[in-house]
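Here chain A shows up in two complexes: once beside chain B, once beside chain C.
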Partner chain A sequence: MTDQDYNFAYLDEQTKRMIRRAILKGLAIPGYQVPFASREMPMPYGWGTGGVQVSAAVLTPEDTFKVIDQGADDTTNAVSIRSFFQRTAGVTTTTKTSDASVIQTRHRIPEEALTEDQILVYQVPIPEPLRFLEPRESETRKMHSLEEYGLMHVKLYEDISRHGHIATSYAYPVKVEGRYVMDPSPIPKFDNPKLGDMAAIQLFGAGREQRIYALPPYTQVVSLDFEDHPFEASKADHPCGLCGAEESYLDEVIVDDAGGRMFVCSDTDYCDARQAAGYKGKDAA
Partner chain B sequence: MTPLLSVQGVTKRYGAHIGCADVSFELYPGEVMGIVGESGSGKSTLLNCMAGHLTPDAGQVVFDTRADGPRDTVTMSEPERRMLSRTDWAFVHQHARDGLRMGVSAGGNVGERLMAVGERHYGDIRSKATDWLERVEIDAGRVDDRPTTFSGGMQQRLQIARNLVTGPRLVFMDEPTGGLDVSVQARLLDLLRGLVRDMGLSAIIVTHDLAVVRLLADRLMVMKSGRVVEAGLTDQVLDDPQHAYSQLLVSSVLQV
Partner chain C sequence: MQAETLSGGFANPAVQSAHAFRSVMEAMARPGTLQDIAGAEPPAPLSKAAGSVLLTLCDTDTPVYLAGDADCDAVRAWLAFHTGAPLTGPSHCMFAVGTWEALNPLSVYPVGTSEYPDRSATLIVECEALTQSGATLSGPGIKTNAALSLPSVQAFQQNRALFPLGLDFILTSGSQLAALPRTTEVS
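Our next item is the complex of A and B:
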């Protein structure tokens, strides 16, 4: 038993049942935002209440759970959510991507390819990709139902006219199975190509906005673009300072007040595994 | 010749009040129809019923579609109607702010309709947007400026460009010159007249300004209390009004 008499994974069974129904509906209509009765969680909105509720609904006692926050396993958000489920569900936790069966993530997709045995749960702040273009929810729902997505391209048009290229670098809108336009949560657009054709189930939970949406395995996901300005997955043009990786998404870290900086993998598990395997970057101690 | 738009017995009530009652007329391709009347006479209600913004309680609005010939737009499905309003129809609001996206650049505003009908080539969209800005006498160098930095007259011209870029066949205008000072009005009218003639547009113009219909409209309907009290050729109605209200309306215009 856990240290307090919570139901398994904190939420009561009726709530989990309600969330599972929303998840199943979301999986049946990839990219469609399913409303659900989001509960108060013992954490503030914006810290991953949606993701936590989805994780609670899909966790089983046999699962191994991993939480990443901006790619890292050791940041506040990741540590507290991991210990939350350790206490309330008693599940095994891990920081190794390949060992985990459920991965809750904030703003990243792990570098390591996921498998059919895994579920990736995203924390979503704003599920509506059209929100900042059309503030009326009644209108955006109509636009989704009638497949009127011209406005999404207006945003990309504005980017190009102002910056000369598509400057949207995270939460880059995608079209799912040629039907729904979806906000992939604020992952860098570097991760967008991984969304499509992924072996794992991808679930998106927005707690404050009370929406769940999902991508079943091997779903077609296309990033929106223009014919003459095609989509480009971008990253900092450096190798990782610690493990020397050329292909991973990098964080820029300021190391002193004299302009010194280094680039390191944002996925800490990936970086650690490479360093353990003997790879060395130029800044490695 | 098939009428482009055929309105039959359109009625809209707001509870016990009548918005407009039993309005029927036909509009032929290339024709400009003016609807005049005082505030509250139901002219905007009628316009919104025709443009699909309001659902009339009774009556038909039959539009001659490109693909399937005459169709009743009141009973057609919403996606079809919204498609029409993006392609073959245009709606110019009285206040440019209602018809523009104020947070989006002028080019984006003009390009929105193109992107809504599937245009996906940035270069093409931009060159069409620039071309249209020039056609409505806005300097092409302002293509990336937001409409908030434009004057009232420029905003109204931008709204017109944004509406006409997809080459519509029917334009609904709700007081297009309202709120503009007279010299700007004159330029706008001149521009509108040129565009209507060049593109062979049909238009329905709602206004209370008789000078506007005198310049633009071929035919005229006078509305009072939700009903059409007089209809005919513009010059005929304005020069020889028959109905007491039309006479009042014409005689109320100040002669400078």
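Our next item is the complex of A and C:
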């Protein structure tokens, strides 16, 4: 049952039409940021109102919806958004990646490969990859239109001269189909290789900055790099303490009052499924 | 006002437009795939698919161009009643609907600007039939190749050459649709 005090999926029909038109143009121009008139949502901006609005425009009552917050399904943010759409759109919710038809995410791409039957919706805080080089929207828009991306490379190269490697480890910029430079949202650069040639549709919503952009399935996405410093999808050099996974992205967590630490999968569904299948890490109980 | 004008809209707009949008989005994201779409019962000569697309995407903010036979009293009244979309000529439209012949020439539609390539028209092309044969498609949304019955090859190649500017197409027939964004390579 949906709550009758709300329209389906909360937003009014005119707002959903406007967002839907923006999504279609986003898919037609991969990596280009489509302006849209963001609405107030019954949650603070930090909670991913851009992603929430995109999900509201995309969901049908038959969908199975999953929300992850840096890989976890059980944070306050993830639980709130999940129950919001359960209430307003009547969708089934899940924490299992493979059961979900629509996944809203903050700062991660699930470890499990997504399929053609899935849609990944990203919450984006700052959609403009050139923002830190140029604060004026009128100028960044011009830079994108002229493909003036030289400064972006200069910035990455400064990283190399200062640190000996590219220090940018989150929101690492990518070039889409050889045309637009895009901010993949603050996912770890470990996730960057999954952006390209993905079977699922990827939609990006920035609420405060009022931008929607998209990657159709099987789109070419290349992380910016240099011949002498090729892009590297790095992660902590440990296996997961709970499930022993060697290939997953890890978070370092403090496990006791004595400051003991361990590395565990950031994707909790992935880690739980591996443990359920009998995999054990060195810190598993 | 004729009964035909009042009927044929979405009985449950929120849910039916959500389903219809998913069909349009899947089509636009995966050029060459055929999607079912339903809900609208528009007056002739519009197909159910074209009518459903119009109800899903159009409103008072979207100027619509009715091309050729689509520009008739019944369609005008139906579209006005159900969407409130203002009618306009091809050079100022956000959406246009009609047969390929009626929609041509393509050179008159807005293709966006270099800073706002999204400010371009979407053409809803009514087709006799849609089949996954004919022209070969490749590009974003397509794993290797796809095939789609298209009314022209050259026109879509010329449109592709404008990228990131360009027109986007939704092809409709009966209760089915396919789409061809500006990124698709056609041969």
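The criterion applied here is as follows: the second predicted complex is superposed on the first by the 279 of 285 C-alpha atoms of A that agree within 3 Å, B and C clash if a C-alpha of one lies under 4 Å from a C-alpha of the other, contacts with A are read in each partner's own complex, and residues count from 1 in each chain.
One rule holds for everything that comes next: contacts are C-beta pairs under 8 Å (C-beta built on N, C-alpha and C of every residue); 3 or more make two chains touch, one makes a residue touch a chain.
These numbers were taken from a predicted model, which means no experiment stands behind them.
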Chain B versus chain C as contact partner of A:Q14, first or second or both or neither: second
Touching partner for A:G150 - first (chain B), second (chain C), both, neither: first
Contacts of A:E227 with chain B and chain C, given as first, second, both or neither: first
Partner, of chain C and chain B, that touches more residues belonging to chain A: C
Contacts of A:A284 with chain B and chain C, given as first, second, both or neither: neither
Contacts of A:E158 with chain B and chain C, given as first, second, both or neither: first
Which of chain B and chain C A:I254 touches, first, second, both or neither: neither
Chain C-contacting residues of chain A that also contact chain B: 146
Contact set on chain C toward chain A in their complex: 13-15, 17-19, 21-22, 24-26, 28-30, 56-59, 61-62, 94, 114-118, 120, 122, 140-143, 163-164, 166, 168, 181-183
Sites on chain A touched by chain B in the complex: 133, 146, 148, 150-151, 153-154, 157-158, 160-162, 226-229
Residue ranges of chain A touching chain C (in the complex, touch as defined): 7-9, 13-14, 16-18, 20-30, 32, 34-35, 57-61, 116, 141-142, 144-146, 177, 179-180, 201, 214-220
Residues of chain B defined as touching chain A within the complex: 78-79, 82, 86, 101, 104-105, 107-108, 111-113, 115-117, 120-123, 125-126, 143-144
